[in-house]
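Residue numbering begins at 1 within each chain, and the chains themselves are lettered A, B and C in the order written.
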């Protein structure tokens, strides 16, 4: 029975495949409406989406498929119509995206903070820097002198764009930065977590988003790294939601995408964002247009309370915030007197 | 059409060696025809050409009166009426009974018919108890007997044997030679061509014998004359054991 | 919490098996017959074809992922099928990687089959198709090896799977992409644990394949 033995084996294999296929489909819930969202890895890793999306999904009876890639890749996916909506944090690139006609309804929804992170010893003295720009200058000068190291994301991420922006604001354009001497400026081309691990290893500085920093601290991977500079308005990391152009890509679920945008910029959505606490911090500050928080949560700063001072720019002078600081390591997590 | 095999001016070259130089010979239906000669004389090459496994560079091959080219469609059908046993027992990696059944199955025989024939052969070979065992577990002699049975189970009109006992001990040699002899005498339609370098074997088995020497047919004669009164001096030398092989 | 986690792990593991299994079967169904034909037939350019096949062993998985992405992106030629970010796209990307392996190993396996086997079956009166099938059966051990190596390639694949699958929760997460995610988030222990799960699952599959390989097709 040679033929029939082979047949038996073939049947067994097919049976196993069918069973596992069935299992896969059974375990996956039936398909409600779907919204495809591209976002960045740091956004996903912060856990925010796992926290806020269930609320949206049950309210609109849908499922959101989150694809987390680098900023550059997310925008590229939007250009190609492979996703319905983007949640990214790379303002300059976003503006180019919208200007190119690839997306509409770009709406800012929340921000968090970049922080400058460095070794315990702080060889570049960034703790004494007066601003983020000053801190970067100090890192540059100490780096070229051989006392400090900086690890850069060196990818198309929002963090890297921010880093380049700060270098540029103190006179080093992109070409110059990329040509910084490799003895002190390391271009990693990796994700934030990996870069932080590298800094731990190399006693180096980097620019990080606070969420990733805290998550690394939480798993005790970077015991010798600390935040050395934070809260400078130059370090603000603005998130926006952009709808992919549905005229260009008719297959897009534009209704659901709009629903998401409306929801997350509504008071309900913004409140949910505000309530997300991890590692002992409120990680994101909602700032969709028109959002006012009626009750301030400890640690939440409502910039609208400073409108007379900020003249509507939303940028609070640090001195004002520092005055009320009671917690050592919270980025803008300051208790408000009388709030 | 009493000629089973007719070869006309067969020439075959391998690179710069001419294995066969315009060989012509005829084997009649019903006879056991021997191809005798030292190693390198071209006997095996000739047999492969008869089995339509290779094409000669020039010359014709006629099987049962029809000229056949090894690449043609007719060759396929003709090959199905020829059986070959090689020097080294070559069994497939499967059971004894499946080795036997192989030739019948590829011809599309029904399972019922196949089983009947296989059972008969197994009995004849005395391998009934080991029918389901892997054929590679058989001894050398058993394997070669299996190869013989496998190559004759489909009742070929022409059986080709290429040094088929060269690897066997005398007891098995005798057994196999008996099998061939019985096989040939059972049915006068059957023709056997035996390639051997063993002149005693040729004398035991063949009706007519050809001596090959360096790619040429030196002499063809019936057994009696071949051994007792050869015409060519090389034949005489070979038969008396002087030609070293 | 722990139960939730293990529910996810089960789903991810099953999807891994599904994607890798399908890609292996598809890649073997294409590669093994292709390899047998290339290995057994004489034709002009055979040597070149063999070289190309072997060279593709080193085909970078990310390029396979990129190729599938380009093909099935909405902006691409086959975008209307909507395959991107589904397990199907992952299967296709992995199949591309498997085909050179199954083809090449089959070529070598059938070449290794003794020449006299090929001659014997030809002289027994096989059609070319029957010859090829018999030689393939004689090369059984090598053919199962081809499938094994194909499966190994698939179950370990991460780059292409992430790129064309998107690592979507509940949809296109497989063990390797989840390991990558967890590593990125610094959950090294959990990632290692998943790695062990992957190895255990692979071991089960290879155990079965080995049984298949050693089965005497008598």
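Simple rule for what comes next: contacts are C-beta pairs under 8 Å (C-beta built on N, C-alpha and C of every residue); 3 or more make two chains touch, one makes a residue touch a chain.
As the structure is a computational prediction, the values presented were derived from the model and not from experiment.
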- Chain centroid nearest the full-protein CA centroid: C
- Task: Specify the chain most distant from subunit B by Cα centroid.
- Result: A
- Query: Taking each chain's centre as its mean C-alpha position, how far apart are subunit A and subunit C in Å?
  - Reply: 36
- Item | Approximate Å spacing (C-alpha centroids) for the pair subunit B, subunit C | 46
- Separation of the C-alpha centres, subunit A versus subunit B, in whole Å, is 81
- Message: If a residue has to touch 2 or more other chains to count, which residues of subunit A qualify?
- Response: 2
- Message: Show the residues in subunit C shared as contacts by 2 or more other chains, in ascending order.
- Response: 137, 217-218
- Task: Check each residue of subunit B and list the ones that touch at least two other chains.
- Result: 94, 98
- Item | subunit A contact footprint on subunit C (complex, rising order) | 10-11, 14-15, 17-18, 21-22, 25, 73-76, 79-80, 82, 84-85, 87, 137, 166-171, 184-188, 212, 215, 217-218
- For subunit C, which residues are in contact with subunit B within the complex? 114, 116-117, 119-127, 130, 134, 137-138, 140, 216-218
- Item | Touching residues on subunit A, where the partner in the complex is subunit C | 2, 5-6, 9, 13, 16-17, 20-21, 23-24, 27-29, 36, 41, 45, 63, 65-69, 79-82, 191, 193-194, 197, 215-216, 218-219, 221, 249, 251
- Note on the structure: In the complex, the residues of subunit B that touch subunit C are 51, 53, 76, 79-80, 82-84, 86, 88, 90, 92-95, 98, 102-103, 106-107, 132, 134, 150-151, 154
